[in-house]
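Order of writing sets the labels: A, B and C. Residues in every chain begin at 1.
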Amino acid sequence: MSHTVLQVDQLVKRFGGLVATDHCNLEIRAGEVHALIGPNGAGKTTLLAQLSGELAADSGRILFEGRDITRLPIHKRVAAGIVRSFQITTLLPRLTVRENLALAVQARTGHSFDFLGTVADESDLDQGADEAARRVGLSDVMEQIVGTLSHGRQRALELGMALACKPRLLLLDEPMAGTDPEESKRMGELIHSLRKDHTLILVEHDMDAVFRLADRISVLVAGRVIATGSPDEIRNNPQVIAAYLGDDETQSAEPIQ
Amino acid sequence: MLSRFGPGRKIETPLLIGLPGPWTAIGVALLLAIYPLVMSAIGEDFFIIVGSRILIFALAASALNLALGYGGMISLGHAAFLGTGAYAVAILAKYGIVAAWVALPVAVLAAALAACLIGAVSLRTRGVYFIMITLAFAQLFYYLAISLPEFGGDDGLPISARSVIPGLPLDGDLGFYYFVLFIAGLAFVLLYRLVASRFGRALVAIRENERRMAAIGYPIYRLKLMAFTLSGGLAGLAGALLANLSMGVTPHTLTWHQSGILMVMVIIGGSGYFWGGITGAAIFLLLEETISAHTEHWNLILGALLLFIVLVAPDGVMSLRERVLKLLRGGGPPAPEAIPAGEEKTR
Amino acid sequence: MLYLFIEQALNGLQYGLMLFLLAAGLTLVFGIMDLINLAHGSLYMIGAFLAAAFYQWLGSFFPALLLAIIATALIGVILERILYRRLQGMSHLSQVLATFALILIANETIKIIFGAQPLMIGMPESLSGPIELVPDELYYPAYRMLIIGVGLAVALGLYLLVNRTRIGMWMRAGASNPQMAAVMGVRIKPLFTFVFALGAALCALAGALLGPLLAVSVGMGESILIPAFEVIVIGGIGSMRGALVGALLVGMIDTLGRLALTFGLKLVVDSATAATLGPTLASMMVSLLMVCVLFFRPQGLFPARG
């Protein structure tokens, strides 16, 4: 049994009267692919944003490797090893693939306030960029402008950006969003290959992919985790089935039955 | 030279668009150095003063360009920093401190401090709110200046003598021109290093997509504040030179009209291009000089020109090079669209 | 002392209501069209100059006022059609620059047509005297009373327009979510034209009403633009109620702050210094209030959108 990497403890986030995260508890183990599923509006994206630091929780705690990170700003969480990717591709579209990746590497090296020292040698950035590109299969388009790439390759770069930060915990927000079946399959293989060195939290609507890839699954309904377990356990959990069937989201419910 | 992310690249992306090569820079420096000698030889001594003025505003506009063009921070309050630098020199002179090596650094530090404080508050807002809050802060400085009779109030504060460097004749127009050229030259070298460094790259990338840059671990707020502070400090340096050129300072230097003019200079030249502020200031002041000689309605022409630029060529003169290259290239690799001011609309 | 205070409070109310006339149009244009319009003050200047011109022609105040309002509203419509509509989708920077250009053009055009000398508008004869508010103790100029009355009436009218009419409903929908409003079938383009014309008319009203009190001069638009901006940021961009509350707040702080600061400063410095320092410190207080609001309540006191 591997140790706990991330622990979410009684986390609460309100938007006006709406409770988007409602005393949520979650435990992520080292080296697992942990999927977060739930009907639309269950608060998956809100939870993810609180883990990455984009949103501040109202109460509760987030522990990363035993350290309380609830109040840390995003960049300190990235430095600690938590990096997210976006559901809607969020890249620097007018820059090349290499530049995008090198910027991610540069963030990690921490020389961004180095405005006078001559940076004669940028091979560290180049190497980091090459490595990340190889990982996500973009080595052939390093010098191309990102905006000209296909959607599938942009999705790959979205993941590559996160990888170039050398994360220990990756938060993937619908990495398959908008990809065609072929691209989706490749993304699945990629995610599968990452589990060796990373812990992953995966938010995904493609239930086939979720049940294929995940080691464990947590089901989020109305801001709470109502069940956590292996894909088989979740598939047969009466509470989960009720939650999904009670909801109009029949298409999400189908793969469960 | 920087390796510029990868060997043998041909595509210019926003990260290094418009960065001058060393030969261009040396050429421009040489031209600027012989300019007053030529003017003097053809008996147009007046244009030496115009030259000093252009250099000073080129520095001020380039300072704003760092925040606005590179950082995407639409500051409508840079007159405050220009004015802070100018007032610093004038106030020091009032108390008998005229040594340039004291006055200029004090001016820069005062303006940088002002920018740091204003930036620290303003950068917590975005979009139109940032524009308005910088405007309001600059207005505060203006009110302060006109309300303090010790510093001249409405009339401003004249200085009796220019800043002094022992052994150098700064009183004459020629000597002063070279002094300005030297100081501004140093500042441009610094600016070049800034925008070509990792810091500059991060700044441009934040302008391009702030959310992405935050997600990969950049401390956005600190980086922007640093850029804003540096920008303010350089504007203060320009202000210090300006007070020396005009032998004093008036509250007009602090008006939002002045902030608007600096912005216009950046836009005419091309925001986010290294030569943008310099080109813009030169075009603006030379046009003003020539047109004002023929008509008193320069502002009307400026207004029309500005509308034309916004509606037809929103990226300024420096973007024309890319446009021409793009045309020449024809079906070549898709060149990046010309640099926008890089701005996230609030909605 | 009390009467001085009341008089100044009335002056504050009057200034605040005039600011409201400007801020109402500005906040609607800002909120509904997502457009930062630096040239709003120019419409105020144009309105004042037109009123002065019509006054010289007709020799009578109220017809001149009416004509100025109509003419300025027409100018507003034309500007919206040929310029603002195109600016709408552009970046805020482009909007700032284009409307800055408009200020330069407006100022210079006015200078060419009317010359650089300030113009005067004569007060209507019947209102030139004072009104006795408290017998023998407190007099207040009748004309200023009229301004307060008109201001309150317009505020009420705008309230009814925004909250009780169909077009007002569209305006509120547009301010809270323009895309959604368009989807819901609000005909957004005519609405923009209407909002712009309304804003211009309100500018002209304020400019013409203030004409007899201030000199009608080039540059009057810029000096009032900053307080008007401060009003809408304090009140919350797009909110009519916010504009009213913000305007009254700014009017009162500016006027009463002047009084209080000048008095207070006289205890510390000589009275000449106090007389110059007081007003500017009051203006600074308004700017500081805006900065504080932006810092602690960035959406303003009465946010238009949730």
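The rule is simple: a contact is a pair of C-beta atoms (placed from the backbone, for glycine too) under 8 Å apart; a residue touches a chain by one contact, two chains touch by 3 or more.
All figures in this text were calculated on a predicted structure; none of them were measured in a lab.
Participant: Can you list every chain in contact with both subunit A and subunit B?
Facilitator: none
Participant: What's the farthest chain from subunit B if centres are computed as the mean of the Cα atoms?
Facilitator: Result for the farthest chain: A.
Participant: Of the chains present, which has its C-alpha mean closest to the combined C-alpha mean?
Facilitator: B
Participant: Go ahead and note the Å separation of the Cα centroids belonging to subunit A and subunit B.
Facilitator: Once rounded, the distance between the two centres reads 41 Å.
Participant: With centres defined as the mean C-alpha position, give me the subunit A-subunit C separation in Å.
Facilitator: Taking the mean C-alpha position of each chain, the two centres sit 50 Å apart.
Participant: Which whole number of Å gives the spacing of the CA centres of subunit B and subunit C?
Facilitator: The mean C-alpha positions of subunit B and subunit C differ by 33 Å.
Participant: Hey, what residues on subunit A touch two or more of the other chains?
Facilitator: In subunit A, no residue touches at least two other chains, as defined above.
Participant: Subunit B touches which residues of subunit C in the complex?
Facilitator: Interface residues on subunit C, with respect to subunit B: 30, 34, 36, 83, 86-87, 90-94, 96-98, 100-105, 107-109, 111-112, 178, 222, 226, 229-230, 233, 237, 273, 276-277, 280-281, 283-284, 287-288, 290-291, 294-295, 298.
Participant: Under the touch definition given earlier, write down the residues of subunit A that touch subunit B in their complex.
Facilitator: 52, 54, 73-75, 78-79, 83-86, 90-96, 98-99, 102-104, 106-108, 111-123, 125-126, 129, 142-143, 145, 148, 161-162, 164-165
Participant: Could you pull out which subunit B residues touch subunit C in their complex?
Facilitator: Touch list, subunit B to subunit C: 68, 74, 76, 121, 124-125, 127-129, 131-133, 135-137, 139-140, 143-144, 146-149, 153, 256-257, 260, 263-264, 267, 271, 297, 299-300, 302-307, 309-311, 314, 340-341, 343, 345-347.
Participant: Flag every residue of subunit B that touches subunit A in the complex, lowest number first.
Facilitator: It comes out as residues 2-6, 9, 11, 13-15, 190, 193-194, 197-202, 205, 208-209, 211-220, 222-223, 226, 333-334, 336-337.
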